[in-house]
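These are the structures in question, set out in turn.
Heads up, the next two complexes both have chain A, just with different partners, chain B and then chain C.
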Partner chain A sequence: MQRSLYLDPAKCTGCLQCEMACSYEKLGEFNPSRSLIKVFTFHEEGRFAPYTCTQCDDAWCLRACPVDAITINLSTAAKVVNEAKCVGCKVCTIACPFGTVNYVHETGKVGKCDLCDGDPACARACPTEAITFIDANATGYERMRAFAEKSISAANATAS
Partner chain B sequence: MQHIIIGAGPCGVVAAETLRKKSPSAKITLIGNEPEPPYSRMAIPYYLVNKITEDGTYLRQDQHYKELGIDYLSQPVTSIDTGSQLVTLADQSQLPYDKLLIASGSHPVSPPIEGIDLPHVHSCWTLEDARQITALAKTGSNVVLMGAGFIGCIILESLVKRGVNLTVVEMSDRMIPRMLNETAGGLLKKWCIKKGVKVLTSTKITAISESGSGMQVALDNGDSLLADLVITATGVKPNTDFLQGSGIEVDNGVVVNNRLQTNIPSVYAAGDVARGKDFSTGNFSVQAIQPTATDHGRIAALNMAGMDVEHHGSLNMNVLDTLGLLSYSFGLWMGVEEGDSVSLYNPEAYQYINLRFGVDEDEDVLIGASMLGDTAHVGIVRGLIESRIHLREWKERLLDNPIRLMEAYLARTQEFG
Partner chain C sequence: MSWTRKILRVNLTEGTCTPEPLNMQWANDYLGQRGLATKYLVEETDPKVHPLSPENKLIMATGPLTGTMVSTGGRYSVITKGPLTGAIACSNSGGFLGNEFKNAGWDMIIFEGRSPTPVYLYIENDLAELRPAEHLWGKSAWEADDILHADHQDPNLRVAVIGRTSENGCLFGCVINDRHRAAGRSGVGTVMASKHLKAVAVRGTLGVAAPHSSDEFFKAVADGKEVLAENPVTGQGLPTYGTQVLMNVINGVGGLPARNMRDVGFEGAENISGEAMHEPRASDGKPNLVTNAACFGCTIACGRISTIDKTHFSIRDKADKPQYQGASGGLEYEAAWSLGADTGVDDLDALTYVNFVCNEDGFDPISFGCTVAAAMELFEAGKITLEDTGGIDLRFGNAEALVAVTEALVTGEGFGAVIGMGSKRLCEKYGDADLSMSVKGLEFPAYDPRGIQGIGLNYATSNRGACHVRGYTIASEILGIPVKTEQTDTDGKPELVKAFQDATALVDSAGICLFTTFAWGMENIAPQIDAACEGDWSVERCLEVGERIWNLERMYNNAAGFTADDDKLPKRLLKEAIKSGPTKGQVNRLGEMLPKYYEIRGWTESGEPTPETVSRLGL
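Showing the complex of A and B:
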């Protein structure tokens, strides 16, 4: 069963547990500034939105990579950066139209969500189920995601 | 079905892979003319600083092409007979095709000044160039870099890291004039000077001559520089010489339609060699950037495989790291007449953001941007431009604070805000 991260801003309270958990999982320290999931705050509306890579089918990051450093994990379908191969050219950071690949000065490489090998720490840490890791087909989420992706793919090419 | 792809850069390789996916039984031949396996020019700057070895520049692993049943030939194509659909190679052998893709890329051009052919004057375009440069650019060597455009600035960092004494000579009034405006270009120059690079803008190299064991580089302001190595980065031109007499229309690049098809229906062109459609202007031009080359390769291949896929245009975009200072440009970064724009300029922090909006019904649509300094989630600039999202009240908010691009995207694509 393919699972995906389901991010529900309506349920997010802005507690930032996900950012803590992500940085701890990846770096062994609490360093939200280097979390691969980010909670955005909307003061005007009093709302929060957790945001990270949706592992889109188009995989713009993967296709833009000049050295084959981003590959698909066959069991999770996550697009994963191979740090040993990444040269830090940053082309994927501008190619990803969702803004979910970032350059990391500390490592000289890029970083993106890799679904923690199928057990994402952010989802585990979220106390309000604003972040869940669920069957990709069980909700309308997959369709929603596909819709968002289509608006961007369509900008680039359409098949008739 | 026999597909031939001329050119084994990123464009040709992506095209071959896409063809294989869509036409499992077709014969696919990928032809390159460099001695190395297909590699990525973009990785050269990292090779220059020993971050990777040569094989780290290879686009794919050794067995990849075999595994996909793609025949890889390393030999220049010398001519094409579009009438009998034959490609002629340097050894005079001929290969028939049903569909042909020209993905032959571009080559560097240098101004015709005296001494440009001296042995220690090199461009930085191929792996062979890179080997020559590593041999000559030693700690303490005097190196003159001619041209501070996109490619010049990319290799600038590698040269500094190699410990050379670097002088950059640019004839325009600022660095990367095709990517940054005066403000951002000026700030980048200040940054380079702070990092110990000598940057001469509005200056031309007029002649290069041998002098002792090195060279003397004459400038139009009357000064001269000593150099052990001169690197030219003064622009590129599409590789189209071998198309002479083929009937394929060439006009500063191979002319294609919005299916990346040339005037000869069985022949397609893509990547640095092709004048493809620009997303922002709708015009056809050579962009000469990697993301466009791979987009082109994929779309051309889909059409060659018999699908009907329209190319709506590639967004011109660049990212550059100059000694730790990042710069970016996207789409119509210079804006359009009467379109709104907003800038945030913080020279002490070496930070600059400039956003450009459209006009009329697109007055709240982002059409271009340029930035200097770290920009988190920067890809969203592409997303906002390409999806032509109407920002509505978020345009005002961005005019107040242009940093909030990611929030603007989220608010306008999720059900709140």
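Showing the complex of A and C:
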């Protein structure tokens, strides 16, 4: 089964365990500033939203790269930066409509989420299931389920 | 990992910022944060210094677990000599600042002297410099935070900042970080203001190094998180209701003081409870509570994010003040009690508004609410007049008066300046010192020591004055954690208080949140410290470090002039029995507990650690 990261802002508490987990996985240190998943705080709305690469099928970053440094991992379908090839030209960072691939000045390369070879550290670390790694074909099911539930209460109301 | 082994010394008089190695011998003896910073303060300052003089120092310190994946590992503390009490002051805060210090490579920052003009400290990893802050002085904590973010064009900047109350000399000013987290008690913000230090703005991108034994570390961390998730208090109660889960519980067991502790039991408790924060309101059908929120690394997420009803009198005419229209930090239990039950006000929106202002301008809602409550009692007794208050009708239960006096405190004018002195000085000024509900000058939190005996002993002996988070025996006496003790008994309470005080000193020195201890015992905490830090950190060693810290603080206070005579409770709590409810007839029986407490602490009858205790703890 192909899996996708599924992000549910309504469940996020803004604790940043995901950012620590991501940086530990990639760098062996706790460094939220280098995390490839970011949690944004919307103070006045009282909301938190985790955000990272959606792994587009036909990926802008991959297409834009002039040196073919971004390739597809065939088992996870993640678009992965090959650091040995990346020349740090940043064209992919301009091409990505979501801003989820970024230049990393410490390495002179770009960085983006690669789904940790099929076991994303962020999803493992999230204490509230705001980040899960689920069937890529079923990322809408949670919301479908909520609407389905409404439909049974409506049906119940009509029946009684 | 653990310690960065680097501290920053900021001399405000000279305008210099100098890195230094961390004293590792002291780190081994005092762990970090509260304990370690106290050690530095003790070694470097005269305990008799005036708290607001340049000779006092102010230390911001992280713990060895700050910035790691240990649940709640994001804490930092501010340590100094407190202006409200003249005793050691140590205030702990969550939010995201502690992690940022650590990621910038600093265990601790020591501020000394006084800057000739207002400044702020800017830290970006190794770069640390004092910058002019004339444009920030006179601004609220929130405005200053906004300006710093705009000036630096960095949304990831973390800011600790004081508000106008601290600048105006209010003695219970806080240091606010991340807009609604605070090093809240004892007036640490006032000390910061006396140094003309408006803010610390920090950005850290260096990372916190991996633990030396990573398998062991991640196992201990995962076990710890599981314990928190499965515990009913940390897994459900706190995320759902925050600390406000306690309002109805404490009221129900006859432990909730009201109206300057004249009464026990508050008829309006339900209206200002955690449950009430979930109720849809009439005007727009939305509840007060928007969501819960976590501090850095916290898997509990007790924080409250709330809104004020737009039709409420407190903000109805403030459409030009967007800061009150959206969501911000909502009521915690202590604030709901002090601003609410203790003043007799049960208007949830009024309390939420006042709580916003406490954050916006950086002052302690507990000391503030209690001082207003004392003023209300004096007002009703005719000792404070309408003329004194500038026309504010300061009766118990008057929400408009509470809001008016809050706004007066922020400007620091008229009666606001009087309230800013705290309840002890206010009650002395108006001729009835006994009405100040405080110990060593620090106001009480939300648990009545008549209905709950052990907490009274903890208040009386707490090193920073009446404080619940120095030895939270409520866990045992009310909630049965780790074992239930009878709330109105005094037997066994000295032992209980000592055990809680020592364990808390350790927790506060580690970089984690005290609320973990609803679920974690030292057997959960020690393995996490042990896996993160060099050396062997057994349960026994952790407890010994806790006890050492407690005694170090005590010795500082004794040297500052405190004696056994200061380990006392206000007369009201020893003499005026509870009038009604489940704890009717009770007074606090401190005299039954205190001698035994001194004995098991290894202190003389005059409350000084004996030479044997001093040498046993390696002080």
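What to note about this one:
One rule holds for everything that comes next: the second predicted complex is superposed on the first by the 139 of 160 C-alpha atoms of A that agree within 3 Å, B and C clash if a C-alpha of one lies under 4 Å from a C-alpha of the other, contacts with A are read in each partner's own complex, and residues count from 1 in each chain.
Here is the rule we go by: a residue touches a chain if its C-beta (ideal position, glycine included) is under 8 Å from a C-beta of that chain, and two chains touch if they have at least 3 such contacts.
Note that the structure is a prediction, hence the values are computed from the model and not measured.
By the touch criterion stated above, A:157 is placed in contact with chain B alone, chain C being left untouched.
In the overlay built on the shared chain, the residue A:45 is in contact with chain B and with chain C.
More chain A residues lie in contact with B than with the other chain of the pair chain B and chain C.
Once the two complexes are overlaid on the shared chain, A:87 sits against chain B while remaining clear of chain C.
Residue contacts after overlaying the shared chain place A:97 against chain B, while chain C stays out of touching range. When the shared chain is aligned, chain C comes close enough to touch A:21, but chain B does not. In the superposed pair of complexes, A:125 makes contact with chain C only, with no contact to chain B. Looking at the shared chain after the overlay, A:64 reaches chain B, while chain C stays out of its contact range. Taken together, the two structures place residues 44-45, 47 of chain A in contact with chain B in one case and with chain C in the other.
Listing the residues of chain B that touch chain A in their complex gives 10, 14, 40, 42-43, 45-46, 51-52, 56-61, 279, 290-291, 294-295, 298-299, 302, 307-312, 314, 317-319, 321, 324, 326, 328, 330, 374, 376-383, 386-388, 397, 405-407, 409-411, 413-417.
Taken in their complex, chain C has these residues touching chain A: 67-69, 71, 96, 99, 103, 156, 179, 203-210, 225, 229, 239, 290-299, 301, 303, 305-307, 322, 325-328.
If you check the complex, the residues on chain A that touch chain B are 9-10, 38, 40, 42, 44-45, 47, 49, 51, 60, 63-64, 66-68, 85, 87-91, 93-103, 105, 148, 151-152, 154-160. On the chain A side of its complex with chain C, the touching residues are 13-17, 20-21, 23-24, 27-34, 43-48, 125, 127-128.
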